[in-house]
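Same chain, two partners: subunit A is paired with subunit B first, then with subunit C.
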Partner chain A sequence: MQHETASPATPAVGANPLWEVFVRAKRGLNHVHAGSVHAPDAATALRHARDVYTRRAEGVSIWLVASTAIVASDPDAQGDWFEDDKPYRHPTFYTVSDEVGHL
Partner chain B sequence: MSALDPLFTYLLRLGDDNLVLAQQLGALVSTMPELELDIAVANVCLDHLGQARYLLAYAAEVEGGGRDEDHLAMLRDERAFRNAVLFEQPNGDFAHTMARQFFVDAYQVPLYEGLATSADLRLATMAQKAAQESRYHLGSSSGWVVRLGDGTTQSRRRMQAAVNALWPFTADLFSADEVESVLVAEGIAVDPASLRPFFDDTVAAVLADATLVLPSDAYQRTGGRQGLHTELLGHLLPEMQSLYRAHRGVQW
Partner chain C sequence: MEQSSTVPNGSARESHFAALLSAGEKIEPRDWMPVAYRRTMIRQIAQHAHSEVIGQQPEGNWITRAPSLARKAILVAKVQDEAGHGLYLYSACETLGISRDELNELLHQGRQKYSSIFNYPTLSWADVGAIGWLVDGAAITNQVTLTRTSYGPYARAMVRICKEESFHQRQGFEIMTTLAQGSEAQRAMAQDALDRWWWPSLAMLGPPDEQSTHTDQSLQWGIKLETNDEIRQRFVDQTVPQAHFLGLHVPDEALAWNEGRGHWDFGDIDWDAFWEVVRGNGPCNHERLAHKVQAWQDGAWVREAGLAYAAKQAHGAPRNSA
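Then we have the complex of A and B:
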């Protein structure tokens, strides 16, 4: 589990922490993880994220999360947690209209 | 039209500004201290190159003499370049690169915002996009001036040195002659003198934030708009033009 540190937006002087970048491709879609950047503070990280991950019109909005704020599942527990041989959980008994773009 | 057509000269002046700066920034790609800054400098470089291409292609069209944008960029000699002398100042250290960019941005933001309503629709279309690019550039470059100026003892010393070194080349940005006055009267160009208040206010505010000062020496080097350049352009052009001159008409 994560230990609470100083606010991720104002890390210690001289630090160059990692930030996770989420980009929204267009209005109405969700922000999707694009990658990460190193930056000493949130404002710089936001500019870096724009420069690195939206060069070719990939997005209209960026979210940043300090990597230290991410709580991740245990990769070793993948089998127990994400065992996927459960076809009965997939709702296959109704159809989705063609007009529904992003469900 | 003749080569003395004011619109042709005006487009060359603005186009050469961007071409010379793009060439300088391009040389920094792969050398920046962080991956993020490397990509950022490439982005800024390509923005200026895009502006240069648009302006020089339009200039070639206005001239109507059979030259194209490549011909204008690659086959003119130093004295035929019309960029302001600030743009040809060397990259230097990171502080110099950012201080030069900051002065450029504080000039180009009001320039392009003014040209966005030019009576010349080709210029206005280009300027609307360029103004967005320049506003983003200004946010980045002014941020670095403040960060380094109001930073450590060494970063402050180096940014102050950069400001001192580049300031004498800023007045050339606002040089104007009959080329501008003719086009201003037609609603096509922006009067360079009218850009000065935004430039001065921006520089004063950012330097104050950065705890930096302008040099008190009043000396200013001008003449770029007439082709009277500092020695640095003479080093930059051969590197930029050698391939094209060796392989005339080459595409790459």
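Then we have the complex of A and C:
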């Protein structure tokens, strides 16, 4: 899940905190990040999220996370921190004779 | 959040950034990016967000006077969408490290702009039709290409916005169709609205390419994907046949189909008039901004009460200690 908050730098004094909004489009699907809203508390943020991100029945469930609570990997870590894709982790790496049929 | 200040190896980051762009990959919020890219993105997304928000005013003006309950419900939904578009875009803009309060402040002080088109008045109900058809139509022509812009959160906001915009254009065209097929007076209203909104709708797509200061760098960074003139030509090509369908006259005597180019030729836009409006001298500049600032000030007590309530809850104050 890509986290898109601005760095949790010091918010302006008296500013409404930022909440990240995740919406489940329908049962059977996972919650997907939709955007963010500002609100003083979770209950208000939830109502704002509903009004902003589900005006056309785009959701059956909403998750909210305070933006400051998100822990994210280092954006510069691409190559070294994430493991390289090993071809032998994929089924296409292996050849199976046609005679075997579906495997 | 100036991540570039802690960069150990500036040139490696610059080449990584350039490599992402040339591979057609998106730039994401926490990626390193040139200061000027960040600045340009903030300016463009903010201007776009402000336009959505200010854009509620000309049409909002007609909500109480919509000719039927159905038209009123549709217009409320449309204007509410524009508020939503503003919020999607502010949300995208904030990922660049600017706060919502700063963005509001910059708009209120006139240091960031919104689209010049919203500085024209809505004089009749037909203007609501003309705005949906022409102004949303022109905006969509621009926004569809922006779904491929290089900054990820902006591109994703554009996808969401484009899905909602086509309802806006179609409801506008439907209003125009109803009027154009109506009584003599209704036809005259529709024609009058087209006469007033046609040229501003062409101008809102931005200055001609040879005068556009940001175009080259923005194209290079994948912020823009087409020039203003290219987008404007496409809008004209799409819209002229629609006007003919309505049986309305496009107020441009130079308008002619050019077989060789495969495009409609059109007359010169009055750029002096456009720049006058951008500079603040359009018919409604003062009114639009003053209204926005007033609404922000009138809402201050609500924001303060919300924060006070949240603080009280956080400190475990008993619920009924009124």
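Odds and ends about this structure:
What we mean here is this: the second predicted complex is superposed on the first by the 72 of 103 C-alpha atoms of A that agree within 3 Å, B and C clash if a C-alpha of one lies under 4 Å from a C-alpha of the other, contacts with A are read in each partner's own complex, and residues count from 1 in each chain.
The criterion applied here is as follows: contacts are C-beta pairs under 8 Å (C-beta built on N, C-alpha and C of every residue); 3 or more make two chains touch, one makes a residue touch a chain.
Since this is a predicted model, take the numbers as computed values, not measurements.
After overlaying the two complexes on the shared chain, residue contacts for A:A69 are found with neither subunit B nor subunit C.
Comparing subunit C and subunit B on the residues of subunit A they touch gives the larger count to C.
Contacts of A:A15 after superposition: subunit C is touched, whereas subunit B is not reached. Residue contacts after overlaying the shared chain place A:R55 against subunit B and subunit C alike.
By the touch criterion stated above, A:R47 is placed in contact with subunit B alone, subunit C being left untouched. By the touch criterion defined above, A:V37 reaches both subunit B and subunit C.
Across the superposed pair, subunit B and subunit C both touch subunit A at residues 37-39, 44, 51-52, 55.
Touching subunit C in their complex are the following residues of subunit A: 2, 4-7, 9, 11-12, 14-16, 18, 35-41, 44, 51-52, 55-56, 72, 75-76. Those residues of subunit A whose C-beta lies close enough to touch subunit B in the complex are 37-39, 43-44, 47-48, 51-52, 55. Across the complex, subunit C meets subunit A through its residues 1, 3, 13, 28-32, 77, 80-81, 84, 87-88, 91-92, 94-102, 152-153, 157, 164, 303-304, 306-307, 309-310, 313. Against subunit A, in their complex, subunit B makes its touches with residues 34-37, 39-40, 43, 139-140, 143.
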